[in-house]
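These are the structures in question, set out in turn.
Across the two complexes that follow, subunit A remains constant while its partner is subunit B and subsequently subunit C.
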Partner chain A sequence: MTITQSYLNNLMASVGYFAPEIAIVVTFIVAILFDLMFKKSKNIAAYISIIGLIITGFILSGNIGISKSLFDGLIVVDPYSTFFKFLFLITTILIMVMSLSYKELYDNNRKVGEYYSMLVGITFGMFLLASAVNLITIYLSIEILSLSSYVLAGYTKEIRRASEASLKYVIYGSLSSGIMVYGMSLLYGATMTLDVAKINVAILSGHVELFPIIIGGLMILVGFGYKMSAVPFHYWTPDVYEGAPITITSYLSVASKAAGFAVFIRFFKDLYLLPATSDINIWNTISNFHWQTIVAVLSVLTMTVGNFVALWQENVKRLLAYSSIAHAGYILMAVVVMTNVGITSILLYFVFYMIMNLGAFFVAQLFANKIGSDDLKDYIGLGYRSPVLAVLMTVFLISLTGLPPTAGFIGKFYIFTAVLDKGFVWLAVIGVLNSVVSLFYYAKIFRNMFLRSVADDTKNNFKFSAPAFPLSIAYVLAFATILFGLYFSPILNWAENSVTMFK
Partner chain B sequence: MYLTTFGIVLVFFIVGALFVAVGLFTAALVRPKNPTPEKLRTYESGEIPMGSPWIQFNNRFYIIGLAYIIFDVELVLLFPWSVVYKTLGWYSFIAMVIFLMILIIGLVYDWAKGYLEWDKPNPVIPQLNELIIHRKKVNKEN
Partner chain C sequence: MFTFLGLGPLTWITFLPILGMIIILLIPSGEDDLAKAKSQNLYRWITVGVTFIQLVISIFLVLNFNLKFAGVNDPNSMQFVERANWIYLSGLPLLGNLKIQYFIGIDGISAPMVLLTTIVSFLATFASWNIKKSAKGYFSMYLLLVTGMMGVFVALDFFLFYVFWELMLLPMYFLIGIWGGANKEYAAIKFFLYTLFGSVFMLLVMIALYFAVGSFNMFDMMDFAKYSHSSILYGMGSNWRLIAFAALFVGFAIKVPSVPFHTWLPDAHVEAPTPISVILAGVLLKMGTYGMLRIAWPMFPDAVMYFQNWIAVIGLVSIVYGALCALGQFKFGKRDFKKLIAYSSVSHMGYVVLGMASMTTEGMVGAIFQMFNHGTITAMLFMIVGVIYDRAHTRGLDDFGGLANKMPVYTGIMTIAFFGAIGLPGLSGFVSEAMVFLGTFKTYPIYAMIAGSGIILGASYMLWALQKVFFGKLPERWSGPWDPTHKIYKTDDVNLVEKVALVPLVIIIIYLGINPNAMIGLMSNSVNHLIEFVKLSGQVAHL
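Now for the complex of A and B:
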């Protein structure tokens, strides 16, 4: 048997497990083609994309519980990646459904076929990113993810702030990915392999220069930190989140961030942690270099800066952008401990974060449809004008703060448990103090909605609500937020079973 | 004398630089000197450059450039494929057909959107149509 034939056999054996990604690509192509063919029906790409992604979900459920290396170790399929893939799928489908009722997107008779197919493209990039274990695959999938997000951030291109957001995103993004790819080249230069597991073996063998590996790791951290919008790599976040269409903002704040965390955890766990080690010294593969401290400092900086800058925000989108930075900080807290309990709590938190954050942005979008503004000032009196939406918004905000009986409380509770479990009391104390700070600015929104009314301005006092279909989605999300605050054991079980990574 | 592989490259660079420098220096010593304006131009027998180079290019060049990449990528991957085609047989044939189909869909997209037509009958001048949100902000600042 020749080399090519054995390679071919490997390829054939892998294709079956790669079926979800193939289904996404097919969805992408079919959506584009149908959008070209049926020019009269505006939303055909949206419907095809949603149906395609639901089918992908069914195909993906065949991969549950499978742990396997594909394509000569370029990507892996394991419970960890499958969990994130389901998260990405659900987020994308929800965002597509929400986009259908977004006024700004459909203004000016805009063609929206590319918008939906680009979302499918992002999903493909994130799928690869969640299962990438090779430096080249990691880089390529981050680029697939980024390029589509650059376009989507500026999709409403006549609006100047959207174009500005897109341009800033491209510039910051190319800088950080340039730094990241340079770090990867250092890792490759020091160990002569692109496979993350083999780099780990090389480090453990002790025959490699450690200096380029440390510097390379720090540079790669820049690239991942950019996707996670961790301080000090967060500068793009507020501007892009404020300028981009609100659906894309919520998409970036949930899915793109989750993808960044997925690859960050897997990469550093595979690269720097001793295989099959006890929980105690897992960060100390390279002696005298404290990754744990670096990530802990990153976490403290991220949540503190995010929360304190959010206090001064006058724009709801921008406020939620800073709040999403703060949430990245809470999640990084659990990355510090990197135990199975920690990763479980991260997975759990992402499910809840997806529900409550998408919900908050969605209600903000429904408000913007009616009042044409995202400013905190224009939210005054909305509690009287649209009681239903305002109450829904309050539910999501309470959950984002982390008060019981909402899902956000359970998520934070598990993260703090994991952190305290490993004895990081100072980190947990800072986290709790930050949660207290966050209550202030979330409360600013519902104080404006309920406790201040505009009596004299009769023109602004008409009542409104949202159409039935978007409203029902908001209801479902709010219901899920409260339900998972009271009954969450299925999600917890699922997360606990999903911490296994392929080794 | 012991030289590593990179040392040989370094010696090559030094010798190359010396070769050019010595040649130019000797030529400067020996040759007659008689500059005319025509000789000093950037392109001695070409067009005289006019105006500022800082003009804006039509961004349709960019789209044509992207369309070119479709064929470029195709060609780069067709060469190695044709080498192993005989050993791999039908599998590689089908794989390549799928790959080419995906690329051709890119071309079809360009075609259907009218990006391949250079002369557009009605040029659409983009207009900045600000939403209320932005206008409000500007009014506030004023």
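Now for the complex of A and C:
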């Protein structure tokens, strides 16, 4: 068999498993084309994208339980990546649905076709990223993800802060991906391979120079840390989150962060894995270099800085931005232990985090539609002006704090379980203290909504609610938040079965 | 066992308020004033109805309570048990078997608390009678709070316990924060943060215990044979066990609250509306001491024996310091009536902690009895403040004087409550405090003597307050009718609603003063068993 033939065979065998990604690309193209053809119906791209992604979901469900390497080891399909792909799909569909009712986006008779197709593009990048096991694929998919994000962050371009956000995002993003690609080149130079698994083999053989591998790993960590918005790579987060359209903010805070974590965990797990996969020594491939400590420090920094800076925020979007940094810190706690239990708890956390964080941002968006502001001081008295939305918001905030009976509590509970399981008592203590701190700023939002009220005679005292459709979405999210706080077995089962990575 | 619709009495007593809350939320609050008043009335009566049914169920429970069964660490002698698998995952590859049960039941320790909760929450609805500001929100939060409290007292699964424990934080925050006084925001968030701070450590200990025994069942956690050898909590008297106990104890002590964790209480009490102060003092504080008895003591007997002296000191300091603070209100404070009673709460809950630390039957029985008595007496004291506040819109002790002529019934009720709080023989407070002293004297005679000063201090501030309010000259501004905005009151003295709230408590205080065995009999078997168990397994560790 010639090389070409074996290559073709591999290609043919792989394409079937690649169908979800292909479906996304088709959706992307069809959405753009239809948007150009039917200029009169504004939302045609949105509807096509949503339908396309739902179809993708059905195709993706064919990949459940499959563990396979595709395209000569460029990407893999395994339960771990499939889990994240479902997460991305659900998030994207929810975001699209939420965007349909976003006033700022539809202001000024803006064309929104590209907005939705760009979201599809991001989804494609994230799909690849969750599957990537090759340095080139990792880099390319991060770039696909990033480039679309830059555009979307500044989509409402006549709003000054949106353009500023986009620009800042580009600058920070290109810097960090530059550092990352340099790190990758170091890894390649030291081991002469781009395949993560082969780099692992090379390290274990003991014949490679370890110094460039450590430096390279650190540099790649910068790139991932940027996507996860881990401190100290978080500087872009508050500005971008505050400036970007709120739908994009919530999208970045959930999906993009999840994608960062997905590749981070897989990369480091694959790269530094010992052959006899004993859970304990996962970080100790390179002796005398304590990756675990580095990630632990990262985690403590991320949650502490995120929480403490959030205390002083006066803008709800910005506050939620810092809160999302803090949540990255909680998740990093479980990365520190890097056991299967830890990864399960991360997967679980992301499902719950998606629900509650999207919910909080969504209600903030519905508020912004009516009161035209995200300032904390404009939230005063909202509990009386719009009781239903305010109560829903409170549910999400309580869940973000991590109080039972909400999903957020279960998520945190599992993370602490994973951390204590490996005896990191100090880390768990810092984690729980951080959630006490976080209560203070989340409480600021519902304090303003309920504990303070505006005078009856001001003109800003009209009562309002949201239209039925967005409201029902918010209801569903709030219901899920409480339901998963009381009964989470299916999600846990799903997460448990999804920690398997292709090796 | 009696069931209704397939659910036992404890499930009903716990979740009935949630049902009431849902009904209240479904009733629209009305557009015009007439409809608003109508639905407000409806909310009120639904709450009264729900809490009344709870009261009936709890009386039914107490009447059918088998006094011979001890409970504590023996699942088979718990009563009215209901058990179902809640989150039950087996065969998980990673986390092992996750066993979280819906497991509730009562024994001699929790039965008095269940009764107390229903009494106080039923009577406090009457103290809520003139809540006008968003009554819908108020009564639904109120009912949610009641569920949280009740759940804590019946839960036998640590996870379930924790969920209920945290469940009552949020309604409490809103109840203080929305319907409270001038400085309500500060008081509400302080309460929230303090309690959460305590409970997150409880969460960590809970997870550690779960790793040790593989389930959240409290009885497994009390059975040291079930502890896995790899757990950090394995091995009696180990450092980790001491740390874990200390973390639990701090979590509960914040709730009690014991000095030095008490500073949230005066703020919360002063700002909270009357019924919430009543609930706070009457039931919520007991959750802390109950948690110690239910969880900290039997799960860490070795640590209890190790820290026994320190726990007693904490109780002692609370007694004396709380009383001094209350007394200091006259000299240094703003002479706020509510703050005085808040500090007296700190002092009186100190007796509970001291009695529990004594590890004697008398002390422990006295402690639980004191929990019940403090619940009824202090609930009454806060209602009394509420009565006067509703009329005068001030709580400054200096603003009053000579009310005895104007409000004779009120004076009589208040005198009984104050004497109950001081510990006058013939009233319930005397019996429990005397028992605490008896028990403490056996273990720590010196402490008992020092604690005796608490009684004297208590008598001085209570009598002082009584004198300030009732005797002397009636200030000019109260000589006319009370504030005209309260037209609904027929007389200036306590009205019917207030009588309904206060008189049952008077009866309970007097009845238990004369016949304390009615309550002591309920708990003595369990208490004896608890002491025996803790001493036995605690001392083995120290041999």
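Rule of thumb we're sticking to: the second predicted complex is superposed on the first by the 500 of 503 C-alpha atoms of A that agree within 3 Å, B and C clash if a C-alpha of one lies under 4 Å from a C-alpha of the other, contacts with A are read in each partner's own complex, and residues count from 1 in each chain.
By our rule, contacts are C-beta pairs under 8 Å (C-beta built on N, C-alpha and C of every residue); 3 or more make two chains touch, one makes a residue touch a chain.
As the structure is a computational prediction, the values presented were derived from the model and not from experiment.
Q: By the touch definition at the top of the document, which applies to A:Asp107: first (subunit B), second (subunit C), both, or neither?
A: first
Q: Once the structures are superposed on A, label A:Thr417 by its partner contacts, choosing first (subunit B), second (subunit C), both or neither.
A: The answer is second: A:Thr417 touches subunit C but not subunit B.
Q: Any idea whether subunit B or subunit C touches more of subunit A?
A: Of subunit B and subunit C, C contacts more residues of subunit A.
Q: Taking the superposition on A as described, I'd like to know which of subunit B and subunit C A:Gln5 touches: first, second, both or neither.
A: A:Gln5 sits against subunit B, while subunit C stays out of touch.
Q: Which partner does A:Gly73 reach: the first (subunit B), the second (subunit C), both, or neither?
A: neither
Q: Mind working out whether A:Gly57 is in touch with subunit B, subunit C, both or neither, as first, second, both or neither?
A: neither
Q: If you stack the two complexes on chain A, which partner ends up touching A:Pro212: first (subunit B), second (subunit C), both, or neither?
A: Once the two structures are laid over each other on A, A:Pro212 reaches no partner at all.
Q: Once bound in the complex, which stretches of subunit A touch subunit B?
A: 2, 4-5, 8, 12, 25, 29, 32-33, 36, 104, 107-108, 157-161, 368, 372-375
Q: Residue numbers of subunit C touching subunit A in their complex, please.
A: On the subunit C side, the touching residues are 86-89, 92-95, 98, 134, 137, 162-163, 166-167, 169-170, 173-174, 177-178, 184-185, 188-189, 192-193, 196-197, 200-201, 203-204, 207-208, 210-211, 232.
Q: Which bits of subunit A are touching subunit C when the two form their complex?
A: It comes out as residues 340-341, 344, 384, 387, 394, 398, 403-405, 409, 413, 416-417, 420-421, 423, 425, 428-429, 432-433, 435-436, 439-440, 443, 447, 450-452, 487-489, 492-493, 496, 499.
Q: For a test of understanding, state which residues of subunit B touch subunit A in their complex under the given definition.
A: 84, 87-88, 91, 102, 105, 108-109, 112-113, 126-134, 136
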